[in-house]
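Inspection log for the structure reproduced underneath, given as structure tokens.
Order of writing sets the labels: A, B, C, D, E and F. Residues in every chain begin at 1.
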Amino acid sequence: MRLLYIDPVGADSVDPGMYDALLAAKGPQSEIEMVALPEGRPHHVEYHSYEAQVIADIVRITWHEAPAFDAIIIGCFYDVGLREAREVSGRAPVVAPCHSSSAIAAMLSQRFSVLVGRRKWISKMRENLLLYGHGERLASFRTMGMGVRDFQVDHELTCERLLEAGRAAIEEDGAEALILGCTAEFGFYSHMQEELGVPVLDPVISALKMAEMMAEAAARFDWLPSRVGASEGPPVDEVARRGFFGDSAPIGTRLAELAQPQ
Amino acid sequence: MRLLYIDPVGADSVDPGMYDALLAAKGPQSEIEMVALPEGRPHHVEYHSYEAQVIADIVRITWHEAPAFDAIIIGCFYDVGLREAREVSGRAPVVAPCHSSSAIAAMLSQRFSVLVGRRKWISKMRENLLLYGHGERLASFRTMGMGVRDFQVDHELTCERLLEAGRAAIEEDGAEALILGCTAEFGFYSHMQEELGVPVLDPVISALKMAEMMAEAAARFDWLPSRVGASEGPPVDEVARRGFFGDSAPIGTRLAELAQPQ
Amino acid sequence: MRLLYIDPVGADSVDPGMYDALLAAKGPQSEIEMVALPEGRPHHVEYHSYEAQVIADIVRITWHEAPAFDAIIIGCFYDVGLREAREVSGRAPVVAPCHSSSAIAAMLSQRFSVLVGRRKWISKMRENLLLYGHGERLASFRTMGMGVRDFQVDHELTCERLLEAGRAAIEEDGAEALILGCTAEFGFYSHMQEELGVPVLDPVISALKMAEMMAEAAARFDWLPSRVGASEGPPVDEVARRGFFGDSAPIGTRLAELAQPQ
Amino acid sequence: MRLLYIDPVGADSVDPGMYDALLAAKGPQSEIEMVALPEGRPHHVEYHSYEAQVIADIVRITWHEAPAFDAIIIGCFYDVGLREAREVSGRAPVVAPCHSSSAIAAMLSQRFSVLVGRRKWISKMRENLLLYGHGERLASFRTMGMGVRDFQVDHELTCERLLEAGRAAIEEDGAEALILGCTAEFGFYSHMQEELGVPVLDPVISALKMAEMMAEAAARFDWLPSRVGASEGPPVDEVARRGFFGDSAPIGTRLAELAQPQ
Amino acid sequence: MRLLYIDPVGADSVDPGMYDALLAAKGPQSEIEMVALPEGRPHHVEYHSYEAQVIADIVRITWHEAPAFDAIIIGCFYDVGLREAREVSGRAPVVAPCHSSSAIAAMLSQRFSVLVGRRKWISKMRENLLLYGHGERLASFRTMGMGVRDFQVDHELTCERLLEAGRAAIEEDGAEALILGCTAEFGFYSHMQEELGVPVLDPVISALKMAEMMAEAAARFDWLPSRVGASEGPPVDEVARRGFFGDSAPIGTRLAELAQPQ
Amino acid sequence: MRLLYIDPVGADSVDPGMYDALLAAKGPQSEIEMVALPEGRPHHVEYHSYEAQVIADIVRITWHEAPAFDAIIIGCFYDVGLREAREVSGRAPVVAPCHSSSAIAAMLSQRFSVLVGRRKWISKMRENLLLYGHGERLASFRTMGMGVRDFQVDHELTCERLLEAGRAAIEEDGAEALILGCTAEFGFYSHMQEELGVPVLDPVISALKMAEMMAEAAARFDWLPSRVGASEGPPVDEVARRGFFGDSAPIGTRLAELAQPQ
């Protein structure tokens, strides 16, 4: 199965460690490509105005690349462009980290908390979780006072802050599971769940596993994205004729070669 | 007061009739400019993947133009980019048609219906109305089987369909007011409310009136957009240094001269 | 435009400062009259049993006075009698402070808090905000331990308490905007928002601006209160014949002359 | 146990049949008095502006009469004044028909419908049922095209309409129980449930039974109305000193003698 | 009226004090039998997997015993088996403690808190209260750090913990009434409400009173459990032929004789 | 990976076709055992009182068998015993059909409908979908007028009814995907989605795929069921000492041999 992971930041900001994390977590039958956007795009999307700068790219990449993939993963915990990309993904299901990890958390616990970098992020994520139907299951958001670009700088510090926030969520807010609320928080879940004794969901891995499941379901059972009602996509000929999605996918870098040696 | 109306379609698709409608409805103290996006942008945004192609422009126009305006209006009933544009609008409030007309409808009635072109549109609009808090007040959506580009082609036909849909909403769904669910449905409300006997809200005018109110409130009472928590905007120096929002507003056409004679 | 502000307390309890505040905030095209109820009516409506003593008057005043006004404002943050008065207001829209200020707050922020005098008030106001659809946007209520009649006694003390409550709402509850939860809290918003750096909405001014907008919309676009379904009013001849609303408006005092000099 | 039933209409509009219905349904230990308002009050409260004319009376009667009763029943399916009267009822619980019958319906069925006279009534009743927490359990409202004053005119016609509306609710809307949505719909439930095979709740009897239960609970277990938080009542001395609730209960007629022979 | 109280624990775990509490609280016209399950069943149902061990018994007892009773009470604050038992109770209404006490609390207060033994219990109870429609009225859960079997061991300690938890609920969470969230918390309400000044509802008594009311309503007004839609019960002949509910009620002990002396 | 599928009906009612369906749909790395309950248990669980007869068995099987399996599937669209079994499943995640298929439907569509046999089933399933958070996404339930035991009798008839119900859901209710609301509706999804052009989810396969994903996540990432808060299980020694879950799993038949040849 071929999976496409879209890291919605400029190519100059891609963290190869994230691709390693994907390779380490993938199933035996999966091949993963990870793409990022052209240089000059924001290096993080903490701000909604930054999200707005990358959503066209996400749609365009999906449009151009979907035919070559079995499922597509949007690599941002705001689940930016999920609805928009789903519309043009053809036969490929599209998944995203917040949706995927909250779905998994709901199977492992009654209530969960999300550990985020800054208060800024909460409103949009809460709105998403509400739309996904997790209003009652959301124990709390806990913030760490760190930006997206800080998590992978000083691992020890990040881990300490995550443990502190996670412990507070469990003890004070009644969380039974934790979700790391940013794809850049990769690499920490394992140590955390050992320390804290509750499942700690890495959103990158959650989305990957959901993508593999949906890709298999599409391939074997023809469970393809609906194309009626709100799920109707734009007319292919209109898009082609007027070129709304450009001539090619706006991809700044593509990590795929690394996969082969494995 | 200077108001900016962003019509989020390519410049080649702008309907000057909409600008006339704005001029006819504005208050005596208002000046309105209407801008559209560069050519090549979608000529309508019925599809969410099309919305995705214009949201960056909306943010960029807001960023570059906001300092020169007292309020900004996003001219699409999906309220596309409302959250994102609000983040970078400085002192200018940003309003949008669905939010504005539903707020007004709630003051004139207990339940209202929205008349839309096609079933495709409903899901996103319902989601918006839900997030705006109108879940209980929404009597129904009624569709007319028309696309965005059809409304202004044959006025008589459009009017007939609108009356039919509106009548059904009132009689079968219990609507006490109607909202025209597309900015391209301008020009019909007046005849409709005469015929139907309930208030019929034009979303362009609703947004304009809300913008005027908010502009006055900003100017006289310093009721400016919040800039803390979820409303925090990106760091100005980061945006400037890295040029995330481009060098200038991506404006394809600007209707302003027409206003001066008035 | 002629606006009627109903202060739903006995005439002996009217604070002329509130009328001054209205005059100072009104638009150039507005004339405002402020009326209060006959003497003997409660001097505040903190208790719901007190509200019950004034709601008939609000309806009767609306019934008798509406034909002479373009919009009507109910001057109490419980929005007492809003549904009831709307039924008999003819062509005049009726607005109220809690509804108006929460609608404005939703355009300036993602979450807001309401600063109230006493815990007693919260339940009814929460219920109203819930019915208005702001359940998710309500960050918190914060109390100041003051009654309605205390706010204008020692301005410095009130201001101190408001700032303390507001600061806690912002820092601990995630409020991005504040609403002053009583019409008697007039005169404080400006200093507060300078100090706290978030918009602070005065409910009297919020309602006034909303009334002006609705009055203009009624006059120019015929957006009149719906009169079908739940918005249907009582038969005029029945009311007239049986005199349910009395012979004249139960007005104890009328502040209008003050307006002329302006 | 002494129960007070307040029929919130003018004394000239009281239907003695309702008092008979109460006497027939009461428990052996209960004594019931039924009072109506002074002449000149509306003869029905279908309109919210009419409700507004009687709510002060309801509060005043409660204030003056509560010390002599073990529970108080407000006799209108809008549950008019329930919150307001509860505030001043001292040790006496206050109940109302919509709240009581929906609570009973929830014990006998999963979903229920309410049969009302006219569409006008629905919005307020739906809002009440929502606030009472029955949003999911409400299968539908069904209207009969009759006013409050029509139900007892032609019993056969009323019964026919009720059966028709009830049948539709069961078959088309999935109702498992029916509530008669007006206290004036008394006398029909028994025949209806024989015909339709589902429980049909008379709101007058529902409220009476709930009142008896609450009166016993108050008397034997000291389960009295809370007087803290939102349930705090006004200061007794303030009320007394300023006379907000008048000198005596505004009672236009009192049906009690009829009870003695029983 | 004959009432059956099912204590859903093994016969060896029955607390005769609970039966005494029932006898002391019952109405003059009621006879109460209390049954427990066969020995070997769990001695408490704090865990949902324990609940699962007793729910078949609850249904079977209801099936076999309902014809001899006028109402049935399930004696566990999880309201275990309420939906299931209602299906096979014939003409007898079935009530349960959480549903009953929350219904009563809603008549005495605007917001209430539930005092539970351990955090474990909260999720299921919150879910129940949500389904019952009390989401907005639930001020909080407060825990005492005690198991079901601890409450009756050291009354002084239990009372102290209850008072502490109740006080916190009132002062910090805004509770206006308290519900004791376990049938084993019987015997404490009276002292508590004297101390705390708010109604404190004993769930055993709440359920008993509701049962008496429903039994009377069934007997006198034929308000019987609905048997259509979701309330449809299994075909009697199928059950009889295949013996799904066993030959007799799985009753381990029956406390009825104790009643006679009274 | 070893997966256990619990068919919660008596052994005499097992349909081997369901086991074939599981084998046909499983992933290459999965081994599946399917167990049913002892003879005498209900042959279907359409009634909630029947559910009550099997829930203890589900818990006991989970308790005894979980250590030998990587995930457990409860084979009933009521998701009977999901919460209860999760409590005692040790390291094995527990999944169920309604939860799984609604989660998948939410990734393929904005709104979905559930096709059920009889109206009886809807209330509990709606309640489940509400608790799972799908209130807004549920377009409708559509009934076919067939019992659980009818689906596999006349395949052509079933298929015809399913197509008819599905078509109505799509055209009239706005469904974009369909869920077959009973595990006994296996074998039909493929033909249906070809005919109807929208994804049609088989609940057995949905649960199987979710189980495989969760089993892998448990094995590789240690994402195990939470055991704190509401997810805390009963003390192992208490269960062992008192034998609440019996000596062995109450399994009436086990289909596993069939798997080996594959």
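Assorted remarks:
Rule of thumb we're sticking to: contacts are C-beta pairs under 8 Å (C-beta built on N, C-alpha and C of every residue); 3 or more make two chains touch, one makes a residue touch a chain.
Given the structure is predicted, the values throughout are model-derived calculations rather than measurements.
Any chain touching chain D that also touches chain F appears here: B, E.
The chain with its Cα centre farthest from the Cα centre of chain D is A.
The distance from the centre of chain B to the centre of chain E, each centre being the mean of the chain's C-alpha atoms, comes to 54 Å.
Look at where the CA atoms of chain B average out and do the same for chain C: the two points lie 28 Å apart.
Taking each chain's centre as the mean of its C-alpha atoms, chain A lies 46 Å from chain C.
The set of chain D residues that touch two or more partner chains comprises 110-111, 119, 122-123, 127, 130-131, 136, 174, 229-230.
Each chain pair that touches appears in this list: A-B, A-C, A-E, A-F, B-C, B-D, B-F, C-D, C-E, D-E, D-F, E-F. In the complex of the two chains, the chain F residues touching chain E come out as 40-43, 46-53, 55-56, 58-59, 63, 81, 83-85, 87-88, 119-120, 122-124, 127, 130-131, 229-230, 232-234, 242-245. Within the complex, the chain D residues that touch chain F are 110-111, 136, 174.
Residue ranges on chain D touching chain E, taken from their complex, read 25, 27, 93, 95, 99, 103-104, 106-111, 131-137, 170, 174-177, 189-190, 193, 197-199, 201-202, 205, 209-210, 212-214, 216-217, 220-231.
For chain A in complex with chain C, the touching residues are 119, 122-123, 126-127, 130.
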